[in-house]
Amino acid sequence: MRDDHLIDTKQLAHEDIEAVLDRAAEIDADPSAFVDRHAGKLLGLLFYEPSTRTKMSFETAIKRLGGDIVDMGSVESSSVKKGESLADTTRVIEGYADALVLRHPSQGAAKMVSDFVDVPLLNAGDGAGHHPTQTLLDLYTIRENAGLDDITIGIMGDLKYGRTVHSLAHALTNFDVRQHFISPGSLQLPRSVRYDLHEAGASVREHTDIEDVLPNLDVLYVTRIQRERFPDENEYREIAGEYRIDMETLENATDELTIMHPLPRVDEIAPEVDSTEHATYFEQAHNGVPVRMAILDSLLEEQ
Amino acid sequence: MRDDHLIDTKQLAHEDIEAVLDRAAEIDADPSAFVDRHAGKLLGLLFYEPSTRTKMSFETAIKRLGGDIVDMGSVESSSVKKGESLADTTRVIEGYADALVLRHPSQGAAKMVSDFVDVPLLNAGDGAGHHPTQTLLDLYTIRENAGLDDITIGIMGDLKYGRTVHSLAHALTNFDVRQHFISPGSLQLPRSVRYDLHEAGASVREHTDIEDVLPNLDVLYVTRIQRERFPDENEYREIAGEYRIDMETLENATDELTIMHPLPRVDEIAPEVDSTEHATYFEQAHNGVPVRMAILDSLLEEQ
Amino acid sequence: MRDDHLIDTKQLAHEDIEAVLDRAAEIDADPSAFVDRHAGKLLGLLFYEPSTRTKMSFETAIKRLGGDIVDMGSVESSSVKKGESLADTTRVIEGYADALVLRHPSQGAAKMVSDFVDVPLLNAGDGAGHHPTQTLLDLYTIRENAGLDDITIGIMGDLKYGRTVHSLAHALTNFDVRQHFISPGSLQLPRSVRYDLHEAGASVREHTDIEDVLPNLDVLYVTRIQRERFPDENEYREIAGEYRIDMETLENATDELTIMHPLPRVDEIAPEVDSTEHATYFEQAHNGVPVRMAILDSLLEEQ
């Protein structure tokens, strides 16, 4: 097995993460220096699940580096429908491309595939598993806006099922970051994640009320609370209302508070917040491009 | 708000239109001079409705200029499904691209989006609203085949619901063109459009019988009469039959008559007409490329 | 009609086939010499049926030559839904592209279209009809692994409906190849194909048991037996089991046996075979790229 697959941020040491973020900053500062750097290189896209921002930002990233994509298209239009295994499909497509990006609904899919492919594989989300490029762009956004040294972050919303949150929380243990988790009781961090963070030496506190902690935060990372998690519509609406950020909530925030969200948002952040200095979620989405460019640039130059 | 969004041809002065058509003619004469002119530029495609020719000709246009696309893909495979608003999706995707193309089923969608995006936005059809690049390629095709000075045009078919027709008719008021409208009584021009044309000083006449006017026409623009507009299948068939062009109808036409159609056609023009000198609808579709190249070239060089 | 459409391998003389395979070998040996060879050229993709490997390898091939695609997308997202004829759609799209690739479920579709388009058309499968680029990549794989001179090939599985098999068998009559066909009685070669091979002077023998012929084979070409062909699930399972290749079956094979499969496979070849020297099916799929590059290179240089 190659050692340059990117399956999980846990595989990355502190200096690996810093190297990606540094290169992303270099790209952000002067994108024109990276044009045509990987001309002729092809990135194979295997998206077994819908995706807008992850897929498009990978597409943008490789094209901004002078390369191009070969796209499997939707599962409905592919021979997956004919009963082909993920292993076979991947082994065919690796013959077309210089690197592969895989999103798959099953946890562990990327790890399984990585054992037998001969080109670098990037995990773009494997169900409840990992999504390392999302974590790296989150870290990049935090570093650019608040720094990654001696800061306080609040992570709010669905902390039980949110894979984004688990990966980010773990990655933050590489840095001097105090973590506060804010959620309804029924959507708290799973014990395994809490244990994991504890083992990694993280400073972790949990809350049910955002008011308790908001004034102390440098960064607030909001996630979506999904309707499907609640048997009762009224209970959902009541809880979603409590974990929603609007101008009133923000009265107690510092001027420097950076608000992030992995998007898509539905109702967790009021549109009125978009025009404030706090709103960093669109910038965060746009950071997917330089961060993925940095990852691809590093992978492809080793080939 | 930027002033270079293209939402509606009504925003274009006579000289703006001529400038686009002139540049398209230049491109048509020597496409090789435009290769690589916008190398590295990315055009974001947001198509919320199916489209073949509009989408493919935008794709061809940017690629013929040396650029590339980033495509949101179908609504089914995007996070639109997760309830994201058009505003949010657009604000994310503008971070990936140097310009955006939007098709959306809701009238006014492009206008709404244009208020907050920071890259140029091209309206590629907003429901019953506008489709300005279609109008420009129609004008280009008329100019190349019959000129836009002192001509008589007939516009036939569904004049009530046809957005293409309304935009074209209005744009033609910039030129010395006599307009005849031919349709069944139930599918006549809406009063608002008739009033609009009158205000713009257009020479307009309406007919129910193509025979009355055909011999005088330099250009005949045919549109599709949609089955869905008629509660009764027999009524539809009878009317569709009367507004169908075949060799017999054409006996009274001049040799120079140019026949156009925005396509797709179903049964409005008999296939036997395709091989005559009149048939200009495939050329018209192909003109989508130089016209959209001209528009993109002008937009992107200002960046 | 142009004489450079590729509709059916039967149109190719022995030396035409050798020329394609020679160029593919040249590309395989030094792909970098072909980069940018067709910069700016656009290949139009019209896939009316799902496809992964054919579509992606055409996409890869044109991109590896420096060109790009314009893709109609799925039938669901195109104006085919509005009732446009195949003829009209093709005549529009040929205005965007320098060559077209068509896959369509109806036998004869590519031939029909080829009569009126003005750019070269490549048939990428027309229902039960032809799929000439598949045949050429099959021949290339055989030549690279076993040679195409004085060899024995076994073709096994569904010989009745398999278009891949019929085209390959006919193409092999250009070479000194002994052909053995292995299938259940109900899925034997159709009489017309058998007659055709006989007329072409082929050496052909038919078997129901793979054991009878395996030890003599240089190449074994396995195809899928489709569940849908059998009214009874139990009968299907019994027969599929008899025509399945695993390590036990291979005990009687020579060390040099080359095993091929057009993919996707479902259960016809056990995964344990993948890691043996026999397994050539992924290489075969990857050969789609140099072979399609060779075909496109030859077509586009004539323009």
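Labels for the chains are A, B and C, by order of writing; each one numbers its residues from 1.
Heads up, the rule we're going with is that contacts are C-beta pairs under 8 Å (C-beta built on N, C-alpha and C of every residue); 3 or more make two chains touch, one makes a residue touch a chain.
The structure presented is a predicted model; accordingly, all values stated were derived computationally and were not measured.
Taken as a contact graph, with one node per protein chain and an edge wherever two chains touch, the assembly is complete, since every chain touches every other chain. For the two copies, chain B and chain C, the CA superposition rotation is 120 degrees, given to the nearest 5.
Each chain gets a centre from the mean of its Cα atoms; for chain A and chain B, those two points are 40 Å apart. Looking at chain A, residues 68, 74 sit in touch with two or more other chains. Listed in rising order, the residues of chain A touching chain C in the complex are 40, 42, 44, 68, 70-74, 76-84, 87-89, 91-93, 95-97. On the side of chain B, the complex with chain C involves touching residues 35-36, 47, 50-53, 55-57, 59-60, 63-64, 66, 68, 74, 263-266, 271, 282-283, 285-286, 289.
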